[in-house]
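Labels run A, B and C following the written order; every chain starts at residue 1.
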C-alpha cells in the first residue's frame, strides 16, 4: 500500500502568470534519441549526416550498397523523429529516385517496422538495418512499385538491367531516374 | 456497406453536431433516441446529471416530476440550480437550466410529488419510454414499480448516498438485436460450407502456385482445405482438443513453401490460418439463441407480438428448414492477408449467401405477419437484414418487479446467496433498505444532524438487524458499514452522483435504442474503493 | 470573488454534504485522516488544482471539482469550440463556436457556481515552465493525446526533489489522468516518483491503427485501405490545393471522399462513406456524454481523496466499460524499472566553471562512479536541445569537436543545468545535474 503524504502540509509557491517555456528538462523522446544516436552502429555501407548537430531529431542516412542489384549506388533517406518517439516510429523518406519494388517514386518506403510493426523497443539502428536489407533483398511479394516487382519476379536479368539503367541516370519505361552512382 | 454512398456527402448541421455518437449507435439509434420521452422523478444532483447525459445526445423529450422546493443544500450539489433558485420549485428551476443544454430537446415538469401524481393522475406514466427515480421512499417505490411493470415501461430506481451509488433496474422483457460485442468470432462455415463457398474454394489449387500467389491466398481458403484433409482422417469431426488442433496446425504448417535452402518462407496468410484454428468451432446455435427460439413468446405468436418475436419465429423456422440447423449467414469477412481480387471474390460469396438467407427470412416474416393479421409494413426488409446479421449475438432480458424485493420470502431467496460473501458490495443495498426503514420510523436520515450521529448508529443498526431477520439472514459481519452510512447523513456527493448519473444515462439509452446489454438488474458503486458490482435480484 | 465565506450561514448549509464527510470520522478513512473543519477550509482556500484540457473530460472535471469543494482551479486548453463538441461538452453553446474552450468553460463555471474561481489559459501546456506548474497541489488531465500526456508527465517528474537520492515527498504533485474512447474509459492516479507513470505504461495505450504501405498501394481490401491510399500517396502526389490535408476543410474531405470512392470502385470494395472518410482522415475517436461524465467523476473523486486524505486513493488504475452492463476493474499498474521518464534520479555532479568539456568527459570515463566508454553529451538550454559532444557519429563529432577545448562557462552552461549523457555502459541516457563551482573556490 502507498504510504500517503498529506497535501495539506505542502506550501505551494510558484508564479501564477504564464512564462514562456524555458525548459531545462529534456523530454523522454530527447533522452531516447540521444541514446539511439550515440549508439548507432552503422554497417560499413551506411553513413549519417546531421546538418545541425544540436538537432538529433532530423538527419539523413546515406546507403551505398556494396553487393546485390544496387552495388555502386548512393541512396539518401531523410529521418524525422517526432515528439512521441519511441511510441511512434520516425518518418522516413527516400530522397533519391530509385527503381525498387518496395520504394515508390514519391520516396515512400514499404518497410513493416516503419508502420504496422513498429515497437518502442526498436531503435534507429533497427531501421538502418531494415533499409539496408531492402537493397540486398528487394521483396517482390509485397510491392510498392508494382511494375518493378513484376519485372523482378519474371525476369531477374531485365530487372538488373533496369536497376543499372536507373542508377546511371535514364529512363526505365516512361520514368526518368537521376544518376545516383557513387 | 449496407447503405449506398449519399449523392451529396456534405453533412447536415445535426449530423455534424452528433457525429461522435452516430459512429457508435448509428442513425437508427439516434432516431430512436430522438423519438423517446423519459420521465425523471426528483431532480436532485443525481437526477439532473442523468438528464444531462440524455439531453446532450439529443433525447426527444423529458418530464420532471418533483414537488420539492430548492434548498441551500441542493445548491451545493446540483449544477442545474444557481444561487437565485433557493425557495423556488426544484422542478421548474432545474428544467430551465437543463433546456439550455440542447435546443433540439423538449422538456416539461410537474411540481408535485410522485405520490400526488400517482393519486391524482393514474394515467400520467402511460406513455414514457423509460421512467427514472432518485431517492424515493419505500411506499412509493412499491406502488410505482407495480404500475410500470404492468405498463411494461423500463424503470430505473437509483440513489446517490455519500460515497455509495445504487441502481435497481426493472424491465419485464427487453430484447436486443445489436449487442455490439467486443470480440466477435467470424461466421465462416468452414465445417458446413454452403455450395457457392465450396465451389469457389474447390476451384483454387494452392499446390501449383508461385510464392507470390501462394502468400496471398486468403487464410479462409487454406484453413478450409486443411480442415477437409484433417476431417478425412478423423471421421468428419472438428478438432476440439489441444492435440487435435495441434495436428491440424501441423497440416497447415506443412503447406508453407520453402526457399532454396529448405527454410520456410514468411507467409503471413498461413500464420493467420494457424492462429484461426483456435477459434474454429462447429457451426451451431448458441445456447442463448436456442433459449430465445424455444421461448413461449417465439413459439406462440399473437396479433400483439412484437417485431423481435416475429423475426425470432421466422428464424426458428429458418433453422429447421433452409438453414439445416444453422443460423442465417452473417455475411461479413474479417480483413486478412490476401490480394484484392481473391479477397473481394470471397467476400462477395459470403455477402450474396447472406443476402439469400435474409431474403428467405424476409419471406417467412411476411408469411407470419399475414398469419397473425399484422400489417406487412410493420417489419421492413431492412429490419430483417439487420436482424439476420446479429442473430448469433442477440440478447433477451426478463427482469423482476422491484415490488418483489419488498416481499420478504421472495427477497430472502434472492439475497441470501450473495450475502454469504462478507465483502460483497451488496451489503450497501441492505443498508440503504435499512435507511428507508429508519426514515419511516424517525423521519430523518440517520446521521442527518451532527449531534445525533452516535444515537442514530444504534437505531440504524437495529433497523438493519430487523430487516435481516425478516429475510432470515444472519447479522452483518461488521458494524463498519452502519457507521459509514450514518457518517453520510443522507448527504449527496456531486462526483458520486456524476458517476452514477453517467452510468444510468447510458442504461437508459440502451433501453431506448435497443442496443448494448443493460445491467441485470442491481448495480452498486463504491466510491471509497472505486469499485462497481452488479447483481441479479 | 467571495472571501473565505465559511462563516456565512448560506455557505454553511450549501456545503453540508461535504462537511459531513470531512468533519466526521469514519471506519474506511485513511489512518492519518483527522475529522475537522480545517480540511474543507484547506480545500476551499489553499488548495490549488490544475485541469489540463477543457474538452469532453475537462468540462465535466471543472464542474465536479467545483462541487467537491475546490475553488482555486486553473484550466489550460489551446483549442477552440467546434460544432461536433456540443453533444457532450456541456459548458458550450452554439453561439460559442470558434471561441476558446478554456475561457468559455471558466466563465460558465464562475458564473454558475458562486465562490468558485477558475482561471483559464488559452494556450499550449508547453507555453508554461516549471515555476507555473510548481504552484499546484494536484494536476488532473483530460487529454486525448499521448504526446501531451507524456509532456506533462515529464514536467511534473522534473519537479521532484531528491535529497541524497531520497525522494522528498513534499515535491510530489499527484497526477490524475482520465481517458475515454466510446463506451470505454480509464482513470489513473500517479504519484510521480512513487507509482507507475505515463511512460511506465505506454503499452496500455491502444496503438494507432496503421496499414502496411504495400497493402494500401497494391492489395487494398477494406474501404480504409482506399482512403489511406488517397491520404498517404495520392494527396502528396496531386496536392490539389498545394497544402497539407486539413481534416476540417470540407473541400479537402470531399476530394478525398471522391478519390477513395473511385479507387474503391476500381477494386470493387464496398463501404466507402463520407463519415468513414472523415473518421479515417481526422482519426476521429467516438465519444458520448455519459462516458465522459463517468470518467471525469471518478477523477474528481480521486482528487478529493488526495486533497483531504478522507480515504485511500485508487491504487492506481481503473478501467471502465459500459457496453455490456457496467464493468470496472481496478488494479495496480507497475512501475517500470528502466522507465525513461520516472526512473531517472538526476545525479548531481560538481565541476568548476573553467573546467574544459574534455576534462569533464575524461572524468566520466575514468572516475569509479561512471567508468563510461564513449559518452555522448547533450543539454537543454532556453527550451532548445544542444549537442555538446558525440564521438560516435562522424558528422556530429566533426561539428562539436571544437567544444572539447572550451570551458563549461564558455559553453554557456549554468548552475542547475542538466547534462544528458548516453553511453553503452548504461541502458538509458543518464541525467546529470550540473553544480557549477566558481572558478576561484
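Just so we're on the same page, a contact is a pair of C-beta atoms (placed from the backbone, for glycine too) under 8 Å apart; a residue touches a chain by one contact, two chains touch by 3 or more.
Each chain and its UniProt protein: A = E2 NEDD8-conjugating enzyme; B = NEDD8-activating enzyme E1 regulatory subunit; C = NEDD8-activating enzyme E1 catalytic subunit.
Please read all numbers here as calculations on a predicted model, not as lab measurements.
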{"item": "Between the pairs A-C and A-B, the one where more C-beta pairs touch", "value": "A-C"}
{"item": "Chain closest to the middle [Cα centroid of all protein chains]", "value": "C"}
{"item": "Separation of subunit B from subunit C, taking each centre as the mean of its C-alpha atoms, in whole Å", "value": "33"}
{"item": "Chain centre separation in whole Å, for subunit C relative to subunit A (CA means)", "value": "27"}
{"item": "Where subunit A and subunit B are represented by their mean Cα positions, the distance between them in whole Å", "value": "46"}
{"item": "Per-residue overlap in subunit C, given as positions that touch at least 2 other chains", "value": "218"}
{"item": "Touching two or more other chains - residues of subunit B", "value": "216"}
{"item": "Touching two or more other chains - residues of subunit A", "value": "none"}
{"item": "Interface residues, subunit C side, partner subunit A - complex", "value": "30, 32, 38-39, 42, 46-48, 119, 121, 123, 126-138, 146-147, 150-151, 154-155, 158, 169-170, 172, 174, 191, 194-195, 199, 202-203, 205, 208, 210-215, 217-218, 232-233, 236-237, 306-307, 309, 312-313, 315-316, 340-341, 344, 374-376, 378, 380-387, 390, 392-396, 399-400, 416-418, 420, 422-424, 428-429, 431"}
{"item": "Of all residues in subunit A, those that touch subunit C in their complex", "value": "1-2, 4-10, 12-32, 34-35, 37-40, 47-50, 53-56, 82-84, 87-88, 102, 104, 106, 108-110, 112, 114-116, 120, 142-144, 146"}
{"item": "Touching residues on subunit B, where the partner in the complex is subunit A", "value": "210-212, 215-216"}
{"item": "List of subunit A residues in touch with subunit B within their complex", "value": "140-141, 153"}
{"item": "Subunit C to subunit B touching residues, read off their complex", "value": "10, 13-18, 20-21, 23-28, 60, 63-64, 67-68, 83-84, 86-88, 90, 93-94, 112-114, 182-183, 187, 218-222, 250, 254, 257, 261, 267-275, 278-279, 284-294, 296-298, 300-302, 304, 311, 314, 318, 322-328, 330"}
